[in-house]
Structures are given as structure tokens and as C-alpha cells.
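What follows is a pair of complexes built around subunit A, which joins subunit B in one and subunit C in the other.
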Partner chain A sequence: MILDPPSAMKIASFVGAGLCIGFGAIGAAVGEGYTAGLANQGISQKPEKSGDIVKNMLVGQAVAESAGIFALVIAILLIFMESTPSLLNAASLIGAGLCMGLGAIGSGIGSGFPGGEACLGISRQPAVSNRLTTSMLIGSAVCQTPAIFAMVISLILMFTKFTDLPLSPTWAALLGAGLSTGLAAIGSGIGGGMAAGASCEGVARQPETFGSVTTTMLVGQAVSQTPAIFGLVVSFVLMFKTFPESQSLAPAMALLGAGISMGFGGVGPGVGNGLTAQEAVRWVARNVEHAGLLTRTMMVGQAVAQSTAIYAMVVSLVLIFVV
Partner chain B sequence: MEDLTQIPQWTLQLFGLNLVFNTGTILMTWIVMGGLILFGFMATRNLHFLPNPFQVVAELLVDIFYNITKDALDEKMAKRYFPLVCSLFMFLVLCNWIGIIPKLYEPTKDLNTTLGLGLMGFVLAHHAGIKAKGFKKYATEYFQPIFFMAPLNVIGEIAKVVSISFRLYGNIMGGSIIILVVSHLIYSLVLPPLLNLFFGLFVGTVQAFVFTMLTVVYISVQVK
Partner chain C sequence: MAIEGADLIRAAAFVGAGIAMGLGAIGPGVGEGYAAGRACEAIGRKPEEAGLITRTMLVGQAVSESTGIYSLVVALLLLFVV
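Let's look at the complex of A and B:
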């Protein structure tokens, strides 16, 4: 069966849109459910604060939803966008759908954690509910960074003209670019959410430590997002490097493998860094005079946990530049 | 949509070398520096017990960043590194905010800016580490836990530069691409100001702060 470009474009845009919103719907729903669950717990502990808690829950869920909304926007664009029919553009549309769909999972789950912890925190310390809502909003907005990276890669894949490049290895490079950022964003999103959740919990216990806790949380989240950044770097290389034409399947598979390697390699380190950041943030709140020492230890631990993401990136770059 | 990743360039032929200057980025950086000098002038003119608004902001920044540097390093080193830390934050925050003004764009949207600042932090941290511990102790740390881990430790240090500079670049570049695409799709109605608010002001501030904090923490990891 030989595909003609116009029908390939149609197939690619429908498949891409399905993958995009299908995967993208996973994360936000889990995160919102988590928030609502902890809100129930909070209300049962302090029924007279139910108004505040429900308000906070709805705001938190709205932020957690944004990753799902990104996926929805990309899916709608994929269905209705008109672009020049070519097999290469078809590959890039599937890559864009995969990237945004997978990339929305982590941020959706992750941004549920601060929402839930903030609801629970309001029942514990009703006097600081405004500070808790602020902490939740900062935490869950920064959680969206991996999803935003995925969205950027999707938009570049959709709107850049790749038509004058050789079809044979480039189609795999474009798919690989989507997989690399999309998969790597899963772990980073969840990890960033863990750090943000711990910060809401810590602020609820010791409201006066807000400044130190937020600082540690931001640093912890930033380092948790490093695997997603490596994924972004590999995607950029895959998209903007010109590969020589070849009819053999081996170079194409090497490029696809580079994307898959960085993508899966980034999942674990993202979650692992998040676990480190979570405990560090939690204990900064309880032991604020040692915040400097805790942050330093967190950084050293995360640097070690990150080494597997670095191995994955080295293998990806070897696959791109050497093989 | 073709200007998605374009940056104006100017090439200078010198002794057979092609020196490429990103003119837009350089111009924007000079505008930011001019803004900072103006801010410094306004803040320190008539220092008074009842401060003017600029002095309030300056005192706030100095207070916050002195405490942060003191917590991460110690009192003596804080005196030394605090001016750099504070001005790094002010520079980055203004760089990230400048994009909300029409016709201007963020110098941090260019990878060269963030990579340059990341390399600066890298050199600074390692210089501080060698100075604090002595070269021998500094060098032996690369052979921890076992000697054959050395190449991986070196790659790990380089990855720090990659991650710190691509984090800022990716966020600012990503924000501006999303704003550009959304404005193009909905003919610049309603949504772009809100996106500018989020990406320009909020993400810009958070990422400037994160970059500054990471530079401080990298120094403190090397020193201790």
C-alpha cells in the first residue's frame, strides 16, 4: 500500500489528535481527583471551613486542568489546521500529537498534589488560607513547565515547514523529537508536583517559613525539571539538524531510538528528583534554620539521581551524531 | 509564522574569521543595562530615612538576596558574592520582563545570553571551590566514589551548565512561541495580554529567581 500525501496528512492529523487528547486526558483527571479527595478529608476535619476549602479546591483543579487544556488545544488544531500535504508533514503531525499528549500526563498529575495539600492545610491552619492558596498557585503554575515545553515542541513541529528535507531519515527524527520531550516531561511533571505539594503542607504547619519553603521548592522543582530540559535539547537537535538522505532503515531507527532513549530515560530521574525535593521542602518547613544545609544536600542528592538522565542523553547524542 | 525562531544577525569578516553578531540581542541587552543603571541612579539619589519608591525596591532586593546568599554560603563569602547575585537577578528579571513591551524582545530568548551566564556561574563556582578547598582536594572529588567515575562526574558538571541555561532559554523562548502562535490564531484578541502576564511577568520572575538561586547553590555545593 502506497500512501498519497493528502490522505497521509488526513490520517496523521486524526491519529495525532486522538493520541494527543487521549494521553493528555490521563494526567489532569488524576490530579484533580487527588485534589478533591484531600479536600474531602479537610472538610471532614473542619466542617465549618468547607466554603474556603471548596473554593480552594476549585481553583486548584482549574490550574491542574490546564495541562489537559493544552492537549485539547493541540488536538483541535491538529484536526482543523490546513497545511501543505507531504509525508514529512504527516510524520511531524503525529509527533506533535504524541509530544503534547504524553507531555500533559506528568504536569496534570503533579499539579494535583499542591491543590490537595493546600485544601488539607486550610483545615489545619484556617488563618493562613490566603498564603496557602498563593503557595498552591505558585507551585502548580511552575509544575506546568514540562507541559509547556511539550506544547512548544508540538507547535514547532506543526508550524515549521520541513518539506525540503529528505524524507527517509527525517520522518523518524520528527517522531523522535516528539517522543523525547513528551516522555521526559512525564517524570518531571510528577516530580515538580511532589515538591509543590510538600511546600503547601509545610506552609500549613509553619506559616512563618513561607519564604524559605518557597525558595527551596522553586529550586527543587527546577532541578526536577532537568530531565524535561534534556528532552527538549534532544528534540531541538532532532528537529533542526539536517540529516543526509538514505534509503536504509538503520539511520532512521537510530534517530527514533535517540528520542525514545531520552524520553524513557527522563521519566525516572524526574520522579526521583521530585522525591528528594519533597522531603527537603518538608523538612525545611520544620527546621528552617538549617535551610541552607538542606538545600545543598538536596542538590547533591539530585545530581546523583540525575546521572541516569545524563546517561540517556549521552546515548541519544551518540545515536544522533555518531551512528 | 516564519519568524518563529529567527534572530537578526550581522556578520563581520575579520582575518578570515566570520564573526556573527546577534544584533537584536545585543541591542536589547544594552537597553536592559541602561534600565538598570537608571534604576541604580534613581534608587541612590537622595538616600533618605523616608525612602523614595526606587529606594524601597532596592532595599527590598538587597535585603532578600543578602539573606539568601548568607544562608547558602557564610557571612564572609556572602559579602563577596552578594553584589553579583543581586545584580544577576535584577538583570535577568528585567531581561524577562522587557518582552511585554511591544517591539522589544527578551535577550534571554537567545541561547547565547543564557549559555554565557550559565558558563559564568560554572567558572565562578569552580573557582570558588578551588580557592576554598585547594586544587588537590578539589581534583580528588572527581574520583569519588571510584576512580573510573571521573568521566561521568565531568559530564555531570557540564550537564549542569546545559540544564541551567536551557531552563531559562526554554521557558522564555517557549512563552514567546506560544504567545506568537496564539496571537496569530485568534488575531490578537483578548488572550495575548493574559499570556504576556503569565509568561512575561510570572514565569519571567520565577525563572530569573531560579537561575540566581541555582548559581548560588552551585557555588555553595562546590565550596562546602
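Let's look at the complex of A and C:
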């Protein structure tokens, strides 16, 4: 059964839009709920600061919302955009929907952590609430990076004309490109958020360590972003390499497998790097004289945790180039 | 079994609507539940602030609901508009 291209485009755009907003709604909502929960905990500890706490909560939730809004924009674009009908473009639309939808999960959840910890911090140390809001905004902003990577890949998938390439196996390459960045962004988003949350907690406990804590957080977050960057690299290779036409299933499945490998492979190391950075940042706040030692240990630990993401990327590249 | 193109398109719109609302309902459920749980804990610690805590909980839950509303809008778009 061969679909005619205009029908295939419509089908792909509807299913893609559903996947995009369906997955994309998850992260922001969970993160915002987490922030609201911790805000209430802060209010219970210091009711007279409820005004500041609620203000901070709303700001933090707004940053977490941005991932959800990216997903909404891509979903609406997918439903209403007009594009050259072709089966290959249809595959790219589904890939785009998957990419943005999955990519928004991690950043949404991750941005909830600094929001919540900042609200708790205001209840503990109302005097430094401005500094806490700054910490929260810096941390959350870096945390949104994987969602932005995912949106970039989605937009490229949606607006590049893939029409003159062979349908098989390129359809699998485009789907794989979406999965690669979309899934890998989950781990990096959550991991970056955990580091940001610990920085807000640390600044609340020891406000004078703001500088060291923020530096360690940024280094830790930067390493946590690495799986998302691997995912981005594999996505670019899958999107822009020309594959020789082949009617058999194996080459197509190899490309899909490459996307799956790097995508899922980025989740664990992203979260793990976040766990490492979270503890490192927490203890830099308590033990700022040893910030250098803690940061070095964090980086060594994160590098080891990164290893399976590197294996995943190697397997992806082998699937793309060797087999 | 011959499947017509137009039939498939409507089918895809329905599946898309299902996926959008089905998955989209997960997040607000979890997030609002967590917020409510923490609110209960907060009231347990400080019952005299129950009014303030409940109001804050509802505000926070409303923000969390927003992405669920986006999913509902996209689902309704797919069901009735396209």
C-alpha cells in the first residue's frame, strides 16, 4: 500500500503534532508542579515571605514553561504548514514532532528544580532573595539549552527540502535524527536542572559562596549538556549525509537504530552527570575552600559517567558509516 | 482492503488527537499532585496558614495546567478543525 504524498504529509503532520505536544506537555507541567510544591513548603516555614516566594515561583515556572511553549509552536506549525508533498518530507515531519516533543521533557522537568529550591531558599534566607532569583534564572536558562537544540533540529527537519533524496533508507535517517536529539535532550535537561537546583540551595545556605557555586554549577551543567551535543551531532550526520538508495530493510533499520542508540544513550549519562554536579555544587557551598578539589573530582566523575554516551555515539556512527 | 487517502488522513488526525491528549495529561497530573502533596505537608506544619497555602497551591497548579490546556487545544484542533 503506497500512500499518495499529499495524504502522507497530512497524516505525518497530524501524528507528529500529537506526539510533539503530547510529550512536550509532560516536562513543563511536572517541573512547574514541583516548583509549586516546594514554594508551599517555603511558605509553611516562613508565611510572612509568601509574597516574595509566590513571585519567585511564578518567574521560575515561566522559564520551565518555555519548553512547553516551544512544543506548542512546533505542533501548531506542523498542523498548518504547507510544504512540498513527498513521502520523505512526511517522514521528516514525524521526526520533527518526536524531536521537539521528547526534547521538551527534560528541560521542563529540570527547570523545576532551581525554581523550587529558590523558593525554599527565600524562606530560609529572605535577605538574599534577589541573589537567589538570579541563581535560579542562570541555572534554568542553561537548563533550557537541550530544548533549544531539539527545536533547532525540528525546524531543520520541517523546513529542509528532502525531496530529491531516495525514499528508502532516508526516511529512517530523518526519523532517527529526530529521536537522536529528542531523547538525548531528556537526560541533559534533567541533569542540568539538578545542578541548578543544588546551586540555589547552596546560595541560600551560604550566600557568600555565590561566585564559586555558580562557577561549579556552570561547569557541571556544561558537561551535562554533552550527551545532548552528541545527539545533535548524530542528528546532523543523519540529516545531511546522502545514503545510497536501497529497497531492503536492513540499511533503513541501521539508520533508525543509530538514532535510537544515541537518543536513549544520552539519557543515562545526562542524568548521571547531573547527579554528580548536584552533589559537587552542594558541597562547594558548604566547603568553599575546597571548591577547586570538588570541581576537579566532579569533572573526573562526570567524564567516567559519560563513557556509555560515547559508546552509544560510536555504535551510532558505526551503524551510519560502516554497516 | 483498499484504504482511501482521505480516510487515512482522518484516521491520522484522530490518532494524533489521542496521542496529544493522552500523553499531555501525564505531566499536569504528576506536577499538580506533587504540588498538592507538598501543600498538605505545609498545612500540617502550619495549620493557621491554610488559606494562604491553599491559594498558593491553586496558583501553582494553574500554571502547571497550562501545558495540559495546550494539549487539549491541539487535540480539539485535530478533531474538529482540520
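Basically, the second predicted complex is superposed on the first by the 323 of 323 C-alpha atoms of A that agree within 3 Å, B and C clash if a C-alpha of one lies under 4 Å from a C-alpha of the other, contacts with A are read in each partner's own complex, and residues count from 1 in each chain.
What we mean here is this: contacts are C-beta pairs under 8 Å (C-beta built on N, C-alpha and C of every residue); 3 or more make two chains touch, one makes a residue touch a chain.
Keep in mind that this is a model prediction, so the values were computed, not measured.
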Just to be sure I read the superposition right, which of the two partners does A:185 touch: subunit B = first, subunit C = second, or both, or neither? neither
In the overlay, answer first, second, both or neither for which of subunit B and subunit C A:54 touches. second
After the superposition on A, what does A:91 contact: first (subunit B), second (subunit C), both or neither? neither
Of the partners subunit B and subunit C, which touch A:10 in the superposed model: first, second, both, neither? second
Does subunit A have more residues touched by subunit B or by subunit C? C
Of the two partner chains, subunit B (first) and subunit C (second), which one does A:222 touch, if any: first, second, both, or neither? first
Tell me the contact category for A:23 with respect to subunit B and subunit C: first, second, both or neither. second
Touch list for subunit A against partner subunit B, complex: 77, 138, 141-142, 145, 148-149, 151-152, 155-156, 159-160, 212, 215, 218-219, 222-223, 225-226, 229-230, 232-233, 291-292, 295-296, 299-300, 303, 306-307, 310-311, 313-314
Can you list the residues on subunit C that touch subunit A in the complex? 3, 5-6, 8-9, 11-13, 15-39, 41-43, 45-46, 49, 52-53, 56-57, 59-61, 63-68, 70-71, 74-75, 77-78, 82
So in the complex, the part of subunit A that touches subunit C is made up of which residues? 1, 3-4, 6-7, 10-12, 14-19, 21-41, 43-45, 47, 50, 53-54, 57-58, 61, 65, 68-69, 71-72, 75-76, 79, 101, 108, 112
Subunit B - residues contacting subunit A, complex: 1, 4-5, 68, 71-73, 152, 155-156, 159-160, 162-163, 166-167, 170-171, 173-175, 177-178, 181, 185, 198, 202-203, 206, 209-210, 213-214, 217-218, 220-221, 224
